[in-house]
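Across the two complexes that follow, chain A remains constant while its partner is chain B and subsequently chain C.
Presenting the complex of A and B:
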């Protein structure tokens, strides 16, 4: 059987509470997700939904005291079975991350060129000279024409958009097969976001990489992904192709997210979702979304819905057929 | 008959150069003029460095101007020094309500403080007014006893709006006031702001980078780039039939169904 590039299978994560004496707090609840080679998956959720914690689990970077259950498989191999050496090889070579704030992930005292080659040289993947050449080529491929000059500059000499392109290059240096992009364009202006997203999508496509693209912006995720997974309170509530989910959501939370965005084309009263987003540990029994859901029934309060297939996608809802479709907006 | 509550003419702001090599300083706002009709809502939209926030802060009296004149309610206002315009004239709501509340002061006390300074209400009347204000923004009287950190982001922004409305200002400046909120909560606050404007005669100056939010909240809008106004008009016209290249680029960059992200949209964004 052919294995997916990344398989997250029934992942649950518990964190230690912030104060001493607090018990474990559940932040991820039974998340299953696959990313195939060359496939781009958009992981969408609001604050506290657990989307960033999911990427940390995939990287094996959960905070101290965290307890993870379930399986994380890379090419069919369980990551939790890796020893230290295998884990660091996996992080150095197979998988790469791009974060929201490039300035927080660069060293202000290290020149761009030295920063780019540091990882691959330290992991003994290539020589210093080869790494420099590769960095130079990659900078050009993301549209940085004066790559030689940029490599001897410091991070503060580059704008946010340019620095984020450097981070894309950093991610590509070791020729990974999987990219985790965590809100990579959230801090950028819209015109710069458009450019960075275009470059990222192009690199992913040209190199047939798998990508997990994490964002709070459903429109953005839909524009660059093949499939979408919508997270709420630490669990995936709807998972399927962009077209299925975007055109006809079957989970009331997805539908609510689509309806609550203001439109550029018309002014009308927004259909806000009442209440606020919850974290997984705030949810007692039943459906996590029940307290905010217009369709909630007694069953939703008593019984947690499991993921099942409805109209060509997976959805965790007891009443998927009653979800009101958002009115179509002109493209 | 419409009447301008605010008239700004030829505003210019220069920030001092940080290093000796840049003698001229940085021109943040250059020759910006606009009027705001009483009871209307003006959107100011632009990317980072466009001068939109600086313009708002100068109008609010938080920054000084190098040149220009400002009339609020028919009275000339001195923009050459920092000056409180008065909480019953103008109030401001910021992006991060965490930064604008004292972390050790309860929400009710923060609002009460303003009422104590700005009104002659006695303690009981002030308490009732705090409860009214909290209810007006969709909170309730029990939230008065909470510390800012015990409220969610959306609740905190509602409390910030309640406090800004305490002395019934004629103008409310909202600087990226919904940008930090989750989408589902952002819609609640946008609806709230629409309700407040319907029920009162307040005027909004709404600064945002988000074109869809500007469309929702403003009657007229100004598009700023590099310190200058590049386009202005009714929001519906500017955003559905933009005349300027820059406005078109901004609109093209907004993710939407069927959107293809494009290279070459960022003009100044690539930096040095």
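Presenting the complex of A and C:
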């Protein structure tokens, strides 16, 4: 049987409370997601919906005291079964991460060149000279023309956009097969954002890498991904192809998100979803979205909906057919 | 003529750089450097051999031959101060190197592993905090015999928790910085992240802490010699010289105790000021 590149199967994560005796707080609830080779999956959700915690689980970097249930499989192999050495090799060679804030994720005392080659040299993937050459080539391929000069500079000498390109290069250094991009453009200004996204998309396509692209920007996710997964309160509420979700959302939360985007063509008040986002541990018996949902019925308050197939995508809602489609805008 | 604006720019740069230099830091730095230089060159520039006695010229006040006078058996005090500077600086130097190395290792280990390791080491430090340095030196002298190494090793041990506590908190801050996670994700080992990344970023704190530590080590080491559990006579050492001169104080010959004591005070103040200014500059005092 052919395995997907990354399979997240029924993942739940509980964190220990801050104080002793606080008990466990659920942050991720029964998340299932697959990323195939060469496929880009957009993971969309509000702050605190568990997107970043999902990537931490994928990297095996959950905070101390966290309990994870469910399976995380990479090429069909369960990551939780890795010992220290295998985990280190998996992180060094198979996955790479691009972070939201490149400046915070670089050691200010290490030059760009040394930063880029350190990981691969430490993992003994290539010699120092080869790594240096590869870094130089990759820097040029992401549009940094004076790569030689940049490599002897320190992170504070580079602009945010340049540094994020450096981070993309860092992610590509070890030729991983899966890239986790955690809001890679949020810290950049809009013009730089589109450049960085274009570069990232190009690199992913050229190398046919799998990517999990995390963002709270639905349009951005749609632009770069093949399929979308929408998260709410630690659980995935809708998961399917970009087209299906964009054209006809079947979960009221997705529909709400789509309706709340600003429009380029008409001037009107933005539509907001009433209420505030819940955290996963606040969810009682019923549907997490019930308190904010225009379609909520008694059943939604009593019974938590599970993911099921509706109109060519998976959705966790009791009333998927009643979801109002967002008004079409002229393209 | 083209050289004129260039040199003008250079001058302007130099003067802004000069204005940024903290005069107190600079003074303390110069004094410390001079003292260290004296300690290194001391025996060569001393006018007399430090242990040469001249009973006929005992307990003399300052004169043209003996600039700072002589002690009770006619040894030249200036020569002894210069020769003694070596031991007086070597002792604290070794103490600082040993305690800083161990303290940094333990501090980073605490911050990196946290949990059980952290709480055990922290408890061990708290026990050590309770023991005064001189008491530990007394015990070491009783067990191993009084001498240079007994004082140096016992004081090194006592100084470890002071260093470890400061480095631990600095390393904890570094540990939580996102780049550490990025390093982990690059598949680097904990040892590598600690030695290359975390240590590099706490280094200024280490240097500042070591400088302040040198001042207090100098005083404690001098005190150990003064009490007779450190450097032994007839070797020249400042703390020992203060002690030697006590018998003559009643005869009105202040020169030995006073000059050796003044040098200890000067060194301690200079190194403390230097260390504190350094830690202010590096933000280590946060």
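In this section, the second predicted complex is superposed on the first by the 330 of 331 C-alpha atoms of A that agree within 3 Å, B and C clash if a C-alpha of one lies under 4 Å from a C-alpha of the other, contacts with A are read in each partner's own complex, and residues count from 1 in each chain.
Following the convention adopted for this analysis, a residue touches a chain if its C-beta (ideal position, glycine included) is under 8 Å from a C-beta of that chain, and two chains touch if they have at least 3 such contacts.
Because the structure is a prediction, the values reported are computed rather than measured.
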Quick check on the chain A-based superposition: chain B and chain C, clash or fit? fit
On chain A, which partner's contacts cover more residues, chain B's or chain C's? B
So, A:64: does it touch chain B (first), chain C (second), both, or neither? second
Check the residue A:89 against both partner chains and state whether it touches chain B (first), chain C (second), both, or neither. second
So in the superposed three-chain picture, is A:118 touching just chain B, just chain C, both, or none of them (first/second/both/neither)? second
Taking the superposition on A as described, I'd like to know which of chain B and chain C A:306 touches: first, second, both or neither. neither
For A:195, decide between first (touching chain B), second (touching chain C), both and neither. first
Just to be sure I read the superposition right, which of the two partners does A:261 touch: chain B = first, chain C = second, or both, or neither? first
How many degrees, to the nearest 10, separate the directions from chain A's C-alpha centre towards those of chain B and chain C? 80
Quote the smallest CA-to-CA distance from chain B to chain C in the superposed model, rounded to whole Å. 6
Enumerate the residues of chain A that count as touching chain B in its complex and touching chain C in the other. none
Contacts from chain C onto chain A in the complex sit at residues 114-115, 177-179, 181-189, 192, 196-197, 200-201
Along chain A, where are the residues that touch chain C in the complex? 59, 61, 64, 88-93, 95-97, 99, 101, 104-110, 118-119, 122-123, 170, 174
Quick check: in the complex, which residue numbers of chain B touch chain A? 47-48, 152-155, 182-188, 190-191, 194, 209, 211-213, 215-216, 236, 239-240, 249-267, 269-272
Chain B touches which residues of chain A in the complex? 46-47, 143, 157-162, 188-195, 197-199, 201, 216-220, 222-224, 246, 256-257, 260-265, 267, 269-274, 276-277, 292, 329, 331
